[in-house]
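Note that the chains are named A, B, C and D in the order they appear, and that numbering of residues resets to 1 at the start of each chain.
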Amino acid sequence: MKTPADPQFADRIRDSFARQKAMALIGARLATVVPGMVEVALPFRDDLTQQKGFVHGGIIGMIADNACGYAAYSLMPADCTLVTAEYKINLLASATLSLVARGEVVKAGRTLTVARAEVYAVDGTHIATMQQTLMMLPGRSDHRE
Amino acid sequence: MKTPADPQFADRIRDSFARQKAMALIGARLATVVPGMVEVALPFRDDLTQQKGFVHGGIIGMIADNACGYAAYSLMPADCTLVTAEYKINLLASATLSLVARGEVVKAGRTLTVARAEVYAVDGTHIATMQQTLMMLPGRSDHRE
Amino acid sequence: MKTPADPQFADRIRDSFARQKAMALIGARLATVVPGMVEVALPFRDDLTQQKGFVHGGIIGMIADNACGYAAYSLMPADCTLVTAEYKINLLASATLSLVARGEVVKAGRTLTVARAEVYAVDGTHIATMQQTLMMLPGRSDHRE
Amino acid sequence: MKTPADPQFADRIRDSFARQKAMALIGARLATVVPGMVEVALPFRDDLTQQKGFVHGGIIGMIADNACGYAAYSLMPADCTLVTAEYKINLLASATLSLVARGEVVKAGRTLTVARAEVYAVDGTHIATMQQTLMMLPGRSDHRE
(Lines give C-alpha, C1' and ligand atoms only; values in the text may rest on other atoms or scores of the structure.)
Protein backbone atom coordinates (compact mmCIF):
# COMPACT_ATOMS: atom_id res chain seq x y z
CA MET A 1 0.00 0.00 0.00
CA LYS A 2 1.28 3.46 -0.87
CA THR A 3 1.76 6.27 1.64
CA PRO A 4 -0.70 9.15 1.37
CA ALA A 5 0.62 12.74 1.55
CA ASP A 6 -2.52 13.79 3.45
CA PRO A 7 -3.63 11.56 6.37
CA GLN A 8 -7.20 12.84 5.88
CA PHE A 9 -7.27 11.66 2.26
CA ALA A 10 -10.27 9.36 2.77
CA ASP A 11 -12.47 12.09 4.23
CA ARG A 12 -11.39 14.47 1.50
CA ILE A 13 -12.33 11.92 -1.17
CA ARG A 14 -15.67 11.00 0.39
CA ASP A 15 -16.54 14.69 0.63
CA SER A 16 -15.54 15.33 -2.99
CA PHE A 17 -17.44 12.30 -4.29
CA ALA A 18 -20.56 13.36 -2.37
CA ARG A 19 -20.51 16.69 -4.24
CA GLN A 20 -20.59 14.93 -7.63
CA LYS A 21 -24.24 15.21 -8.61
CA ALA A 22 -23.58 13.10 -11.70
CA MET A 23 -22.72 10.16 -9.43
CA ALA A 24 -26.01 10.57 -7.58
CA LEU A 25 -27.81 10.70 -10.93
CA ILE A 26 -26.51 7.28 -11.97
CA GLY A 27 -26.65 5.80 -8.46
CA ALA A 28 -22.91 5.18 -8.08
CA ARG A 29 -21.34 5.06 -4.64
CA LEU A 30 -17.83 5.04 -3.24
CA ALA A 31 -17.13 1.49 -2.02
CA THR A 32 -13.43 1.39 -1.06
CA VAL A 33 -10.91 4.14 -0.36
CA VAL A 34 -7.33 3.17 0.46
CA PRO A 35 -4.08 4.90 -0.51
CA GLY A 36 -3.63 4.53 -4.26
CA MET A 37 -6.80 2.45 -4.79
CA VAL A 38 -10.47 3.38 -4.94
CA GLU A 39 -13.52 1.32 -5.86
CA VAL A 40 -16.78 2.75 -7.19
CA ALA A 41 -19.88 0.53 -7.17
CA LEU A 42 -22.77 0.89 -9.60
CA PRO A 43 -25.99 -1.07 -8.98
CA PHE A 44 -27.69 -2.11 -12.23
CA ARG A 45 -30.61 0.08 -13.27
CA ASP A 46 -32.61 -0.11 -16.46
CA ASP A 47 -32.28 3.64 -17.04
CA LEU A 48 -28.50 3.29 -17.41
CA THR A 49 -28.77 1.14 -20.53
CA GLN A 50 -28.24 1.61 -24.25
CA GLN A 51 -30.43 0.35 -27.10
CA LYS A 52 -29.81 -3.36 -26.45
CA GLY A 53 -30.40 -3.25 -22.70
CA PHE A 54 -26.70 -3.30 -21.70
CA VAL A 55 -25.21 -0.70 -19.37
CA HIS A 56 -24.14 2.21 -21.61
CA GLY A 57 -20.40 2.23 -22.36
CA GLY A 58 -20.26 5.88 -21.37
CA ILE A 59 -21.71 5.07 -17.95
CA ILE A 60 -19.03 2.41 -17.53
CA GLY A 61 -16.53 5.09 -18.50
CA MET A 62 -17.96 7.41 -15.82
CA ILE A 63 -17.32 5.03 -12.93
CA ALA A 64 -13.92 3.96 -14.24
CA ASP A 65 -13.00 7.64 -14.67
CA ASN A 66 -13.97 8.37 -11.07
CA ALA A 67 -12.19 5.30 -9.71
CA CYS A 68 -8.96 6.39 -11.43
CA GLY A 69 -9.39 10.02 -10.40
CA TYR A 70 -9.94 9.34 -6.73
CA ALA A 71 -7.17 6.74 -6.64
CA ALA A 72 -4.87 9.48 -7.92
CA TYR A 73 -6.34 12.03 -5.51
CA SER A 74 -5.72 9.69 -2.54
CA LEU A 75 -1.96 10.21 -2.92
CA MET A 76 -2.07 14.00 -3.40
CA PRO A 77 -1.60 16.72 -0.76
CA ALA A 78 -4.61 18.30 0.93
CA ASP A 79 -4.51 21.69 -0.77
CA CYS A 80 -4.92 20.73 -4.40
CA THR A 81 -7.43 19.61 -6.93
CA LEU A 82 -6.94 17.56 -10.07
CA VAL A 83 -8.27 17.34 -13.60
CA THR A 84 -8.58 14.36 -15.89
CA ALA A 85 -6.39 15.12 -18.88
CA GLU A 86 -7.46 12.07 -20.87
CA TYR A 87 -8.49 8.46 -20.65
CA LYS A 88 -8.73 5.43 -22.91
CA ILE A 89 -11.14 2.60 -22.23
CA ASN A 90 -11.56 -0.82 -23.82
CA LEU A 91 -14.98 -2.37 -23.45
CA LEU A 92 -14.47 -6.13 -23.06
CA ALA A 93 -17.95 -7.54 -22.49
CA SER A 94 -21.59 -6.45 -22.37
CA ALA A 95 -22.80 -5.47 -18.90
CA THR A 96 -26.21 -6.51 -17.63
CA LEU A 97 -25.42 -6.64 -13.91
CA SER A 98 -24.18 -4.40 -11.12
CA LEU A 99 -20.60 -3.25 -11.59
CA VAL A 100 -17.52 -2.32 -9.58
CA ALA A 101 -14.74 -0.14 -10.99
CA ARG A 102 -11.38 -0.48 -9.23
CA GLY A 103 -8.93 2.34 -9.91
CA GLU A 104 -5.24 2.10 -9.06
CA VAL A 105 -2.31 4.44 -9.41
CA VAL A 106 0.36 3.27 -11.85
CA LYS A 107 2.70 6.25 -11.42
CA ALA A 108 2.25 9.31 -9.25
CA GLY A 109 4.47 12.01 -10.73
CA ARG A 110 4.98 15.59 -9.59
CA THR A 111 2.43 16.99 -12.04
CA LEU A 112 0.93 14.01 -13.84
CA THR A 113 -0.47 10.81 -12.41
CA VAL A 114 -1.19 7.74 -14.50
CA ALA A 115 -3.91 5.45 -13.22
CA ARG A 116 -5.72 2.36 -14.41
CA ALA A 117 -9.18 0.98 -13.72
CA GLU A 118 -10.66 -2.47 -14.13
CA VAL A 119 -14.44 -2.79 -14.23
CA TYR A 120 -15.99 -6.11 -13.21
CA ALA A 121 -19.59 -7.29 -13.05
CA VAL A 122 -20.73 -8.90 -9.81
CA ASP A 123 -20.54 -12.33 -11.48
CA GLY A 124 -16.82 -11.75 -12.10
CA THR A 125 -16.99 -10.88 -15.81
CA HIS A 126 -14.26 -8.46 -16.83
CA ILE A 127 -16.23 -5.61 -18.40
CA ALA A 128 -13.72 -2.88 -19.17
CA THR A 129 -10.16 -1.65 -18.67
CA MET A 130 -9.10 2.00 -18.60
CA GLN A 131 -5.78 3.85 -18.70
CA GLN A 132 -5.93 7.47 -17.58
CA THR A 133 -3.75 10.57 -17.19
CA LEU A 134 -4.52 13.16 -14.50
CA MET A 135 -2.94 16.51 -13.73
CA MET A 136 -2.60 17.90 -10.21
CA LEU A 137 -3.41 21.58 -9.74
CA PRO A 138 -1.51 22.57 -6.57
CA GLY A 139 -3.01 25.24 -4.31
CA ARG A 140 -6.36 25.09 -6.12
CA SER A 141 -9.65 24.26 -4.44
CA ASP A 142 -11.59 21.10 -5.18
CA HIS A 143 -14.83 23.08 -4.61
CA ARG A 144 -16.86 25.38 -6.85
CA GLU A 145 -15.00 28.66 -7.31
CA MET B 1 -20.71 13.48 -47.80
CA LYS B 2 -20.35 9.72 -47.77
CA THR B 3 -22.79 7.26 -49.31
CA PRO B 4 -24.86 5.24 -46.85
CA ALA B 5 -25.29 1.49 -47.45
CA ASP B 6 -28.85 1.70 -46.11
CA PRO B 7 -31.08 4.54 -47.40
CA GLN B 8 -33.13 4.31 -44.19
CA PHE B 9 -30.05 4.93 -42.02
CA ALA B 10 -31.48 8.07 -40.37
CA ASP B 11 -34.68 6.34 -39.23
CA ARG B 12 -32.65 3.39 -37.99
CA ILE B 13 -30.40 5.69 -35.96
CA ARG B 14 -33.24 7.77 -34.52
CA ASP B 15 -35.01 4.58 -33.48
CA SER B 16 -31.86 3.15 -31.88
CA PHE B 17 -31.06 6.40 -30.03
CA ALA B 18 -34.63 6.59 -28.71
CA ARG B 19 -34.15 3.15 -27.10
CA GLN B 20 -31.09 4.37 -25.16
CA LYS B 21 -32.51 5.03 -21.72
CA ALA B 22 -29.16 6.40 -20.58
CA MET B 23 -29.53 9.24 -23.09
CA ALA B 24 -32.96 10.10 -21.66
CA LEU B 25 -31.46 10.02 -18.17
CA ILE B 26 -28.90 12.71 -19.00
CA GLY B 27 -31.24 14.66 -21.32
CA ALA B 28 -29.20 14.19 -24.50
CA ARG B 29 -30.89 14.34 -27.89
CA LEU B 30 -29.94 13.52 -31.45
CA ALA B 31 -29.43 16.83 -33.27
CA THR B 32 -28.02 15.97 -36.70
CA VAL B 33 -27.91 12.73 -38.69
CA VAL B 34 -26.20 12.71 -42.06
CA PRO B 35 -24.11 9.97 -43.68
CA GLY B 36 -20.88 9.66 -41.73
CA MET B 37 -21.67 12.49 -39.27
CA VAL B 38 -23.94 12.66 -36.24
CA GLU B 39 -24.38 15.39 -33.64
CA VAL B 40 -25.65 14.81 -30.09
CA ALA B 41 -26.78 17.83 -28.06
CA LEU B 42 -26.71 17.99 -24.26
CA PRO B 43 -28.44 20.89 -22.47
CA PHE B 44 -26.61 21.91 -19.29
CA ARG B 45 -28.14 20.55 -16.08
CA ASP B 46 -26.79 20.86 -12.58
CA ASP B 47 -27.27 17.13 -11.92
CA LEU B 48 -24.71 16.30 -14.64
CA THR B 49 -21.84 17.95 -12.78
CA GLN B 50 -18.83 16.83 -10.78
CA GLN B 51 -17.54 18.26 -7.50
CA LYS B 52 -16.59 21.67 -8.91
CA GLY B 53 -19.83 22.27 -10.81
CA PHE B 54 -18.46 21.38 -14.26
CA VAL B 55 -20.15 18.80 -16.49
CA HIS B 56 -18.68 15.41 -15.48
CA GLY B 57 -15.98 14.21 -17.86
CA GLY B 58 -17.73 10.84 -18.07
CA ILE B 59 -20.93 12.53 -19.22
CA ILE B 60 -18.93 14.31 -21.93
CA GLY B 61 -17.56 10.90 -22.84
CA MET B 62 -21.10 9.51 -23.10
CA ILE B 63 -22.26 11.99 -25.74
CA ALA B 64 -18.97 11.80 -27.67
CA ASP B 65 -19.21 7.99 -27.57
CA ASN B 66 -22.73 8.11 -29.00
CA ALA B 67 -21.84 10.68 -31.66
CA CYS B 68 -19.00 8.45 -32.87
CA GLY B 69 -21.11 5.30 -32.68
CA TYR B 70 -24.03 6.62 -34.67
CA ALA B 71 -21.74 8.29 -37.22
CA ALA B 72 -20.24 4.83 -37.77
CA TYR B 73 -23.68 3.19 -37.80
CA SER B 74 -24.91 5.64 -40.47
CA LEU B 75 -22.62 3.99 -43.04
CA MET B 76 -23.43 0.38 -42.11
CA PRO B 77 -25.97 -1.94 -43.74
CA ALA B 78 -29.47 -2.32 -42.28
CA ASP B 79 -29.10 -5.80 -40.80
CA CYS B 80 -26.29 -5.29 -38.33
CA THR B 81 -25.46 -3.85 -34.98
CA LEU B 82 -22.18 -2.50 -33.69
CA VAL B 83 -20.17 -2.41 -30.48
CA THR B 84 -17.71 0.17 -29.23
CA ALA B 85 -14.39 -1.63 -28.92
CA GLU B 86 -12.59 1.29 -27.26
CA TYR B 87 -12.28 5.04 -27.14
CA LYS B 88 -9.80 7.65 -25.96
CA ILE B 89 -10.87 11.14 -24.96
CA ASN B 90 -8.88 14.25 -24.13
CA LEU B 91 -10.68 16.78 -21.97
CA LEU B 92 -9.57 20.22 -23.15
CA ALA B 93 -11.58 22.69 -21.05
CA SER B 94 -14.10 22.73 -18.19
CA ALA B 95 -17.72 22.66 -19.31
CA THR B 96 -20.35 24.84 -17.64
CA LEU B 97 -22.69 25.25 -20.62
CA SER B 98 -24.79 23.18 -22.99
CA LEU B 99 -22.71 20.96 -25.27
CA VAL B 100 -22.75 19.47 -28.75
CA ALA B 101 -20.71 16.39 -29.67
CA ARG B 102 -20.03 15.96 -33.40
CA GLY B 103 -18.96 12.48 -34.44
CA GLU B 104 -17.41 11.74 -37.83
CA VAL B 105 -16.17 8.61 -39.52
CA VAL B 106 -12.42 8.60 -40.18
CA LYS B 107 -12.28 5.15 -41.81
CA ALA B 108 -15.10 2.70 -42.40
CA GLY B 109 -13.49 -0.71 -42.77
CA ARG B 110 -15.11 -4.09 -43.37
CA THR B 111 -15.12 -5.02 -39.69
CA LEU B 112 -13.71 -2.01 -37.81
CA THR B 113 -14.68 1.63 -38.13
CA VAL B 114 -12.58 4.44 -36.70
CA ALA B 115 -14.45 7.60 -35.75
CA ARG B 116 -13.66 10.88 -34.06
CA ALA B 117 -15.78 13.30 -32.06
CA GLU B 118 -15.28 16.93 -31.14
CA VAL B 119 -17.30 18.34 -28.26
CA TYR B 120 -18.00 22.07 -28.18
CA ALA B 121 -19.81 24.28 -25.69
CA VAL B 122 -22.47 26.60 -27.09
CA ASP B 123 -20.06 29.54 -26.69
CA GLY B 124 -17.64 27.80 -29.06
CA THR B 125 -15.17 26.50 -26.46
CA HIS B 126 -13.52 23.26 -27.56
CA ILE B 127 -14.31 20.93 -24.66
CA ALA B 128 -13.08 17.50 -25.71
CA THR B 129 -11.79 15.37 -28.56
CA MET B 130 -12.31 11.61 -28.89
CA GLN B 131 -10.87 8.88 -31.10
CA GLN B 132 -12.89 5.65 -31.18
CA THR B 133 -12.83 2.13 -32.64
CA LEU B 134 -16.10 0.31 -33.37
CA MET B 135 -16.77 -3.21 -34.58
CA MET B 136 -19.66 -4.13 -36.87
CA LEU B 137 -21.58 -7.30 -36.01
CA PRO B 138 -23.22 -8.35 -39.30
CA GLY B 139 -26.57 -10.11 -39.18
CA ARG B 140 -27.08 -9.23 -35.53
CA SER B 141 -30.01 -7.24 -34.19
CA ASP B 142 -29.63 -3.76 -32.70
CA HIS B 143 -32.50 -4.62 -30.29
CA ARG B 144 -32.63 -6.51 -27.01
CA GLU B 145 -32.17 -10.21 -27.66
CA MET C 1 -1.07 -19.65 -17.64
CA LYS C 2 -3.53 -19.71 -20.52
CA THR C 3 -3.97 -22.60 -22.93
CA PRO C 4 -2.70 -22.01 -26.47
CA ALA C 5 -4.90 -23.04 -29.43
CA ASP C 6 -1.80 -24.04 -31.36
CA PRO C 7 0.81 -26.18 -29.55
CA GLN C 8 3.48 -24.83 -31.93
CA PHE C 9 2.72 -21.24 -30.96
CA ALA C 10 6.26 -20.50 -29.74
CA ASP C 11 7.91 -21.61 -32.99
CA ARG C 12 5.33 -19.67 -34.96
CA ILE C 13 6.08 -16.51 -32.96
CA ARG C 14 9.86 -16.87 -33.13
CA ASP C 15 9.61 -17.34 -36.88
CA SER C 16 7.34 -14.31 -37.28
CA PHE C 17 9.53 -12.10 -35.07
CA ALA C 18 12.63 -13.13 -37.03
CA ARG C 19 10.99 -11.84 -40.23
CA GLN C 20 10.48 -8.36 -38.69
CA LYS C 21 13.35 -6.39 -40.20
CA ALA C 22 12.39 -3.39 -38.08
CA MET C 23 13.23 -5.39 -34.94
CA ALA C 24 16.68 -6.21 -36.35
CA LEU C 25 17.18 -2.52 -37.16
CA ILE C 26 16.67 -1.45 -33.56
CA GLY C 27 18.36 -4.54 -32.07
CA ALA C 28 15.30 -5.93 -30.26
CA ARG C 29 15.06 -9.63 -29.52
CA LEU C 30 12.38 -11.98 -28.30
CA ALA C 31 13.20 -12.87 -24.69
CA THR C 32 10.23 -14.86 -23.36
CA VAL C 33 7.37 -16.64 -25.11
CA VAL C 34 4.72 -18.34 -23.01
CA PRO C 35 0.95 -18.63 -23.63
CA GLY C 36 -0.55 -15.17 -23.24
CA MET C 37 2.75 -13.44 -22.33
CA VAL C 38 5.72 -12.35 -24.41
CA GLU C 39 8.77 -10.29 -23.48
CA VAL C 40 10.84 -8.25 -25.93
CA ALA C 41 14.28 -7.04 -24.83
CA LEU C 42 15.99 -3.95 -26.21
CA PRO C 43 19.66 -3.31 -25.38
CA PHE C 44 20.43 0.41 -25.07
CA ARG C 45 22.05 1.97 -28.12
CA ASP C 46 22.87 5.59 -28.69
CA ASP C 47 21.29 5.55 -32.15
CA LEU C 48 17.87 4.81 -30.60
CA THR C 49 17.73 8.14 -28.77
CA GLN C 50 15.93 11.43 -29.16
CA GLN C 51 17.33 14.94 -28.76
CA LYS C 52 18.08 14.64 -25.05
CA GLY C 53 19.79 11.25 -25.21
CA PHE C 54 16.80 9.22 -23.93
CA VAL C 55 15.45 6.23 -25.84
CA HIS C 56 12.90 7.63 -28.31
CA GLY C 57 9.30 7.21 -27.14
CA GLY C 58 8.40 5.75 -30.52
CA ILE C 59 11.08 3.07 -30.11
CA ILE C 60 9.59 2.24 -26.70
CA GLY C 61 6.24 2.03 -28.45
CA MET C 62 7.69 -0.39 -31.02
CA ILE C 63 8.78 -2.98 -28.48
CA ALA C 64 5.61 -2.61 -26.40
CA ASP C 65 3.56 -2.98 -29.59
CA ASN C 66 5.38 -6.19 -30.48
CA ALA C 67 5.14 -7.59 -26.94
CA CYS C 68 1.35 -7.07 -26.99
CA GLY C 69 0.99 -8.40 -30.51
CA TYR C 70 2.89 -11.62 -29.94
CA ALA C 71 1.21 -12.18 -26.57
CA ALA C 72 -2.10 -12.03 -28.45
CA TYR C 73 -0.75 -14.20 -31.27
CA SER C 74 0.35 -16.87 -28.75
CA LEU C 75 -3.30 -17.72 -28.04
CA MET C 76 -4.48 -17.75 -31.66
CA PRO C 77 -4.86 -20.74 -33.98
CA ALA C 78 -2.08 -21.67 -36.41
CA ASP C 79 -3.75 -20.56 -39.64
CA CYS C 80 -4.25 -16.87 -38.98
CA THR C 81 -2.49 -13.57 -38.83
CA LEU C 82 -3.33 -10.47 -36.84
CA VAL C 83 -3.23 -6.70 -37.18
CA THR C 84 -2.81 -4.05 -34.53
CA ALA C 85 -5.98 -1.98 -34.63
CA GLU C 86 -4.75 0.63 -32.18
CA TYR C 87 -2.68 1.23 -29.09
CA LYS C 88 -2.29 3.84 -26.39
CA ILE C 89 0.93 4.31 -24.46
CA ASN C 90 1.79 6.40 -21.43
CA LEU C 91 5.45 7.25 -21.06
CA LEU C 92 6.23 7.25 -17.34
CA ALA C 93 9.97 7.94 -17.10
CA SER C 94 12.94 8.75 -19.33
CA ALA C 95 14.86 5.71 -20.53
CA THR C 96 18.65 5.67 -20.62
CA LEU C 97 19.18 1.94 -20.11
CA SER C 98 18.32 -1.37 -21.73
CA LEU C 99 14.60 -2.15 -21.67
CA VAL C 100 12.22 -5.08 -21.47
CA ALA C 101 8.62 -4.88 -22.67
CA ARG C 102 6.29 -7.49 -21.21
CA GLY C 103 3.02 -7.96 -23.10
CA GLU C 104 0.05 -9.84 -21.64
CA VAL C 105 -3.39 -10.70 -22.92
CA VAL C 106 -6.22 -9.02 -21.02
CA LYS C 107 -9.06 -10.52 -23.05
CA ALA C 108 -8.87 -12.86 -26.03
CA GLY C 109 -12.13 -12.47 -27.91
CA ARG C 110 -13.32 -14.19 -31.07
CA THR C 111 -12.23 -11.32 -33.31
CA LEU C 112 -10.58 -8.75 -31.05
CA THR C 113 -7.90 -9.28 -28.43
CA VAL C 114 -7.03 -6.65 -25.82
CA ALA C 115 -3.49 -6.76 -24.50
CA ARG C 116 -1.32 -4.68 -22.22
CA ALA C 117 2.41 -4.10 -22.01
CA GLU C 118 4.64 -2.79 -19.25
CA VAL C 119 8.09 -1.55 -20.17
CA TYR C 120 10.81 -1.60 -17.52
CA ALA C 121 14.44 -0.51 -17.56
CA VAL C 122 16.99 -3.02 -16.30
CA ASP C 123 17.29 -1.03 -13.06
CA GLY C 124 13.58 -1.64 -12.40
CA THR C 125 12.28 1.81 -13.42
CA HIS C 126 8.77 1.62 -14.86
CA ILE C 127 9.19 3.30 -18.24
CA ALA C 128 5.85 2.92 -20.02
CA THR C 129 2.48 1.22 -20.02
CA MET C 130 0.46 0.33 -23.12
CA GLN C 131 -3.11 -0.80 -23.79
CA GLN C 132 -3.69 -2.31 -27.23
CA THR C 133 -6.43 -3.74 -29.44
CA LEU C 134 -5.64 -6.41 -32.03
CA MET C 135 -7.80 -8.06 -34.67
CA MET C 136 -7.38 -11.68 -35.74
CA LEU C 137 -7.60 -12.38 -39.48
CA PRO C 138 -8.56 -16.07 -39.69
CA GLY C 139 -7.29 -18.11 -42.62
CA ARG C 140 -4.81 -15.42 -43.63
CA SER C 141 -1.07 -15.92 -43.87
CA ASP C 142 1.36 -14.19 -41.53
CA HIS C 143 3.87 -14.04 -44.44
CA ARG C 144 4.29 -11.64 -47.36
CA GLU C 145 1.50 -12.22 -49.86
CA MET D 1 -2.05 29.86 -38.72
CA LYS D 2 -1.25 30.20 -35.04
CA THR D 3 1.19 32.73 -33.59
CA PRO D 4 4.45 31.28 -32.25
CA ALA D 5 5.75 32.49 -28.87
CA ASP D 6 9.31 32.23 -30.17
CA PRO D 7 10.03 33.75 -33.62
CA GLN D 8 12.99 31.34 -33.97
CA PHE D 9 10.76 28.31 -33.47
CA ALA D 10 11.64 26.76 -36.85
CA ASP D 11 15.40 26.86 -36.22
CA ARG D 12 14.87 25.49 -32.73
CA ILE D 13 12.82 22.57 -34.11
CA ARG D 14 15.23 21.79 -36.96
CA ASP D 15 18.08 21.76 -34.47
CA SER D 16 16.20 19.49 -32.05
CA PHE D 17 15.13 17.09 -34.79
CA ALA D 18 18.72 16.88 -36.09
CA ARG D 19 19.83 15.68 -32.64
CA GLN D 20 17.34 12.77 -32.72
CA LYS D 21 19.55 9.84 -33.69
CA ALA D 22 16.50 7.58 -33.85
CA MET D 23 15.17 9.67 -36.75
CA ALA D 24 18.46 9.24 -38.62
CA LEU D 25 18.28 5.49 -37.96
CA ILE D 26 14.92 5.15 -39.70
CA GLY D 27 15.67 7.78 -42.37
CA ALA D 28 12.94 10.24 -41.37
CA ARG D 29 13.32 13.93 -42.17
CA LEU D 30 11.54 17.12 -41.21
CA ALA D 31 9.52 18.22 -44.24
CA THR D 32 7.38 21.18 -43.09
CA VAL D 33 7.61 23.45 -40.05
CA VAL D 34 4.97 26.14 -39.59
CA PRO D 35 3.39 27.41 -36.36
CA GLY D 36 1.20 24.65 -34.97
CA MET D 37 1.88 22.18 -37.81
CA VAL D 38 4.86 19.97 -38.62
CA GLU D 39 5.28 17.27 -41.23
CA VAL D 40 7.75 14.39 -40.98
CA ALA D 41 8.53 12.39 -44.13
CA LEU D 42 9.65 8.76 -44.14
CA PRO D 43 10.93 7.19 -47.37
CA PHE D 44 10.03 3.50 -47.63
CA ARG D 45 12.84 1.12 -46.74
CA ASP D 46 12.69 -2.64 -46.49
CA ASP D 47 14.44 -2.62 -43.10
CA LEU D 48 11.50 -0.70 -41.57
CA THR D 49 9.05 -3.54 -42.15
CA GLN D 50 7.35 -6.17 -40.04
CA GLN D 51 6.83 -9.84 -40.85
CA LYS D 52 4.48 -9.26 -43.81
CA GLY D 53 6.59 -6.58 -45.49
CA PHE D 54 4.51 -3.60 -44.32
CA VAL D 55 6.06 -0.65 -42.52
CA HIS D 56 6.08 -1.57 -38.80
CA GLY D 57 3.24 0.05 -36.86
CA GLY D 58 5.73 1.21 -34.25
CA ILE D 59 7.75 3.01 -36.94
CA ILE D 60 4.54 4.72 -38.06
CA GLY D 61 4.00 5.65 -34.42
CA MET D 62 7.52 7.14 -34.27
CA ILE D 63 6.97 9.64 -37.07
CA ALA D 64 3.46 10.52 -35.89
CA ASP D 65 4.83 11.02 -32.36
CA ASN D 66 7.49 13.39 -33.67
CA ALA D 67 5.06 15.29 -35.90
CA CYS D 68 2.77 15.90 -32.91
CA GLY D 69 5.66 16.76 -30.61
CA TYR D 70 7.26 19.33 -32.87
CA ALA D 71 3.87 20.83 -33.79
CA ALA D 72 3.37 21.39 -30.05
CA TYR D 73 6.93 22.65 -29.63
CA SER D 74 6.44 25.21 -32.43
CA LEU D 75 4.05 27.19 -30.21
CA MET D 76 6.14 27.03 -27.04
CA PRO D 77 8.58 29.65 -25.71
CA ALA D 78 12.31 29.35 -26.44
CA ASP D 79 13.50 28.34 -22.99
CA CYS D 80 11.61 25.10 -22.46
CA THR D 81 11.54 21.48 -23.45
CA LEU D 82 8.63 19.09 -23.60
CA VAL D 83 7.84 15.45 -22.94
CA THR D 84 5.27 13.19 -24.54
CA ALA D 85 2.91 12.15 -21.75
CA GLU D 86 0.98 9.67 -23.87
CA TYR D 87 -0.38 8.94 -27.31
CA LYS D 88 -2.99 6.75 -28.93
CA ILE D 89 -2.75 5.63 -32.54
CA ASN D 90 -5.19 3.84 -34.81
CA LEU D 91 -3.62 1.99 -37.72
CA LEU D 92 -6.03 2.31 -40.65
CA ALA D 93 -4.26 0.60 -43.56
CA SER D 94 -1.09 -1.36 -44.32
CA ALA D 95 1.82 0.78 -45.48
CA THR D 96 4.07 -0.32 -48.34
CA LEU D 97 5.08 3.12 -49.58
CA SER D 98 6.80 6.28 -48.37
CA LEU D 99 4.85 8.13 -45.69
CA VAL D 100 4.20 11.62 -44.41
CA ALA D 101 2.99 12.31 -40.86
CA ARG D 102 1.30 15.68 -40.37
CA GLY D 103 1.02 16.80 -36.76
CA GLU D 104 -1.25 19.66 -35.69
CA VAL D 105 -1.98 21.31 -32.36
CA VAL D 106 -5.56 20.83 -31.15
CA LYS D 107 -5.20 22.80 -27.91
CA ALA D 108 -2.11 24.52 -26.52
CA GLY D 109 -2.66 24.85 -22.77
CA ARG D 110 -0.39 26.36 -20.15
CA THR D 111 1.07 23.01 -19.15
CA LEU D 112 -0.46 20.42 -21.48
CA THR D 113 -0.79 20.51 -25.23
CA VAL D 114 -3.04 18.15 -27.16
CA ALA D 115 -2.00 17.39 -30.72
CA ARG D 116 -3.10 15.11 -33.50
CA ALA D 117 -1.30 13.50 -36.41
CA GLU D 118 -2.51 12.01 -39.66
CA VAL D 119 -0.19 9.68 -41.55
CA TYR D 120 -0.65 9.31 -45.30
CA ALA D 121 1.13 7.21 -47.89
CA VAL D 122 2.38 9.00 -51.00
CA ASP D 123 -0.52 7.50 -52.99
CA GLY D 124 -2.97 9.26 -50.63
CA THR D 125 -3.96 6.25 -48.51
CA HIS D 126 -4.81 7.24 -44.96
CA ILE D 127 -2.46 5.04 -42.92
CA ALA D 128 -2.92 6.14 -39.30
CA THR D 129 -4.36 8.74 -36.95
CA MET D 130 -2.87 9.72 -33.60
CA GLN D 131 -4.08 11.74 -30.61
CA GLN D 132 -1.34 12.85 -28.22
CA THR D 133 -0.80 14.70 -24.93
CA LEU D 134 2.43 16.61 -24.29
CA MET D 135 3.67 18.44 -21.22
CA MET D 136 5.81 21.58 -21.38
CA LEU D 137 8.76 21.76 -18.97
CA PRO D 138 9.44 25.50 -18.62
CA GLY D 139 13.03 26.66 -18.04
CA ARG D 140 14.41 23.22 -18.92
CA SER D 141 16.88 22.57 -21.70
CA ASP D 142 15.99 20.55 -24.80
CA HIS D 143 19.60 19.26 -24.86
CA ARG D 144 21.36 16.43 -23.01
CA GLU D 145 21.83 17.43 -19.39
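To be clear about the criterion, contacts are C-beta pairs under 8 Å (C-beta built on N, C-alpha and C of every residue); 3 or more make two chains touch, one makes a residue touch a chain.
Given the structure is predicted, the values throughout are model-derived calculations rather than measurements.
Participant: If we look at subunit C and subunit D, which chains touch each of them?
Facilitator: Intersection of subunit C and subunit D contact lists gives A, B.
Participant: Taking mean CA positions as centres, which chain lies farthest from subunit C?
Facilitator: In terms of C-alpha centroids, the chain at the greatest distance from subunit C is B.
Participant: Averaged over CA atoms, how far is the centre of subunit A from the centre of subunit B? Could you give it in whole Å?
Facilitator: The answer is 22 Å.
Participant: State, to the nearest whole Å, the distance from the C-alpha centre of subunit B to the C-alpha centre of subunit D.
Facilitator: Computed from C-alpha means, the inter-chain centre distance equals 29 Å.
Participant: Give, as an integer number of Å, the spacing between the C-alpha centres of subunit D and subunit A.
Facilitator: 32
Participant: At which residue positions does subunit C touch at least two other chains?
Facilitator: 85-86, 88, 90, 114, 133
Participant: Using the touch rule from the top, collect the residues of subunit C that touch subunit B in their complex.
Facilitator: Contacts found on subunit C: 85-86, 88, 111-112, 114, 133, 135.
Participant: Quick check: in the complex, which residue numbers of subunit A touch subunit B?
Facilitator: Touch residues, subunit A against subunit B: 16-17, 19-26, 46-53, 55-59, 61-63, 65-66, 81, 83-91, 94, 141-145.
Participant: Please give the residue numbers of subunit B that touch subunit D in the complex, ascending.
Facilitator: Residues 88, 90, 92-93, 106-107, 109, 114, 116, 126, 129, 131, 133 of subunit B touch subunit D in their complex.
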